[in-house]
């Protein structure tokens, strides 16, 4: 594999800085984690977006959350044909091997993936309709959410779709037999959240009202 | 979606703590990120493992890294048939929409996914061979790595496979036309890393020798 | 302009070395910075002193900090008469055009400008009192700081004045309407630091106590 | 001064990382610099732009360059009326107190200050003409450069103006008596450079031809 390049110097320097401080200070914990394995209490499905740090928002340290990050924090429905299902594999591992107690889907404002889906479904992003568009085919998972949007201007409908994206992922989670049985046995609980990056707000999905409310 | 549950209190409390402190202190930055959008310099592909915090290791704050996390930090080869390719969509978005300059694959010690692949390929985990096993079918991406392993005891061979997993992901990255052309134009550089959780060490793949060396 | 001379060879050689290594390794990032523009998170006002490298201290690479360097890291008060206000222009650009989230004033030990001001105000540097002394007139900004110094020997009073210099600059920043409104809206935060060159220490101004404390 | 805020955590962590590594490794040099004072060989006048790191380009460590950074790396003409002349003070200190041997003006591509001047002089940025605009009044220094621009499209004329900005600063330097006498005595040499951020190129002003040529 001749294309790999050395790490940029600024990252090498920062790593050595962390090794001499952050690591040194928590060495015992890192050693325990290495020997004893991980025992995370929750799985979090979050977006790849660089502005969303779930560990900051929830003050979590190494070992607490099993974190899967993909575009727009989506869960596809259960489907065993096809080949490599990265998200489904992560969910399966978290629920059956790690036996996490919570599965949190964390959506957020200004999500580029949700915006792309909105534009695609509105006919304004034909390039995403191509069968060769990985982003377009991935965002197909959210199409049923677009159909459910109410009236409003584009901005408010995109914000609706960001929340719908969380609900659809929760619904898709229940199509996985191992998730469904763990939820029904009371061993796993599902949570839907939406985070406003600029305002720092956090809203939770409330199944009774079908709305998101500040936590 | 009637199955969602309220967020556990301990997370609600921690969130309010962060809002009153971490958010408050960096509010200007969050507002700028929300209005100006993200401009990450690098994409990092890391494992879902709760023990690996790439932002800690590299002293990175919100906005710096576009982070995809899946089981065993794997990149599948380019393939547009099938349905939802979450990893390929994340790579496509990072390289074509965000135009990141660096794409870093970060492997780590004690990876449960790599161990599962090793057991499966050694005939010791028949359940992972089932066509219904999402984890098994996901870890199929790493099978060619198992074939290349040298002699040794199981532990050292698993460690080899963890590094091989990084190299295979780098190789698969080059099968995506948009990655290949960005690399060849000098707009994107690929980096392979392996992190020892307990020792805190970091090794980088050196294409000249084909080995991993401490950074 | 007939007085310009060719760059000394040692700098030409070092430049070619950087071009072949540092630039080559980070080419993708430089191209992105050139095309996408700068999005710095913070402005730093630091001294011209050759011994103070703010990018080293904070592990910052190209694109992170908008850096203004003048003698003694001073901010003059807002004043629109007169002609060219370089520092005020830099602050205005950072706050209104780049919309930085942090404005950091970084003082340091052994500052020649602060020492000159101390000598001038103590009557030991009459040449700095001349109206033709650019350094003297520039250091006039710090005169109110000298008046506030407590008892002590010269060395400890100079150290006090180095810190006072940071506080006065922070106070002067608040006389600029665009700074004041950004601070009050929570879009900008001000930070005062003092760095000991020999010991490598870093202290931050704490408004509650009015003192500088190790970070 | 009640408005100061604590340094963001990510910078505190990075500082501690530097202290434990970069500082620790070079402690002897920092102690010597602190005790023996600075003896820089050159002064560099560079832009505040976050993308221009003169210490990277020239492989310079602490103690080598006395660096003044302002918007568009401008030197105003000598003028002792008015109040605080930060740039003139920095030049005076470098030439008369530190007795640097080289004074380098480093311009660069995509300079926001130069672009603002170009727009202002073209009648496309009336807000910069306001007497309250610090950036506008600062960029007035470059107005004579706009008058000298040849034919061409806007982009090529802006590029011309970036270079003209370096030449005008060199010319203004010679209006300072202490600079003029040091240059004429052969104790100081002036250098004009222009750096292309994306391509990594460096050009030097050649007084014989009046053009910039690759170094």
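Labels A, B, C and D are assigned to the chains in the order they are written; within every chain, residues are numbered from 1.
One rule holds in what follows: a residue touches a chain if its C-beta (ideal position, glycine included) is under 8 Å from a C-beta of that chain, and two chains touch if they have at least 3 such contacts.
If you're wondering where the values come from, they're calculated on a predicted model, not measured in any experiment.
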How far, in degrees, do you have to turn subunit C to put its CA atoms on top of subunit D, rounded to the nearest 5?
180
Same or different contact residues where subunit C meets its copy subunit B, judged by the half mark:
same
Gap in Å, rounded to a whole number, between the CA centres of subunit B and subunit A:
14
Mean-CA-position distance for subunit D and subunit B (Å)
41
Numbers and ranges of subunit A residues touching at least 2 other chains
5-6, 8, 13-14, 16-18, 22
In the complex of these two chains, what residues of subunit C are touching subunit B?
25-29, 31-32, 36, 39, 41, 59, 63, 99-102, 182, 186-189
Interface with subunit A, subunit C side, in the complex: residues 22, 25-26, 29, 59-61
Of all residues in subunit C, which touch subunit D in the complex?
1-8, 11-12, 14-15, 17-19, 22-23, 27, 30-31, 33-35, 37-38, 40, 43, 48-53, 55-71, 74, 76, 79-80, 82-94, 97, 102, 104, 109-110, 112-113, 131-135, 137-141, 167, 170-171, 174, 183, 189-193, 196-202, 204-207, 210, 215
What does subunit A use to touch subunit C in their complex?
5-6, 8-10, 13-14, 17
Provide the residue numbers of subunit A that touch subunit D in the complex, in ascending order.
13-14, 16-18, 20-22, 24
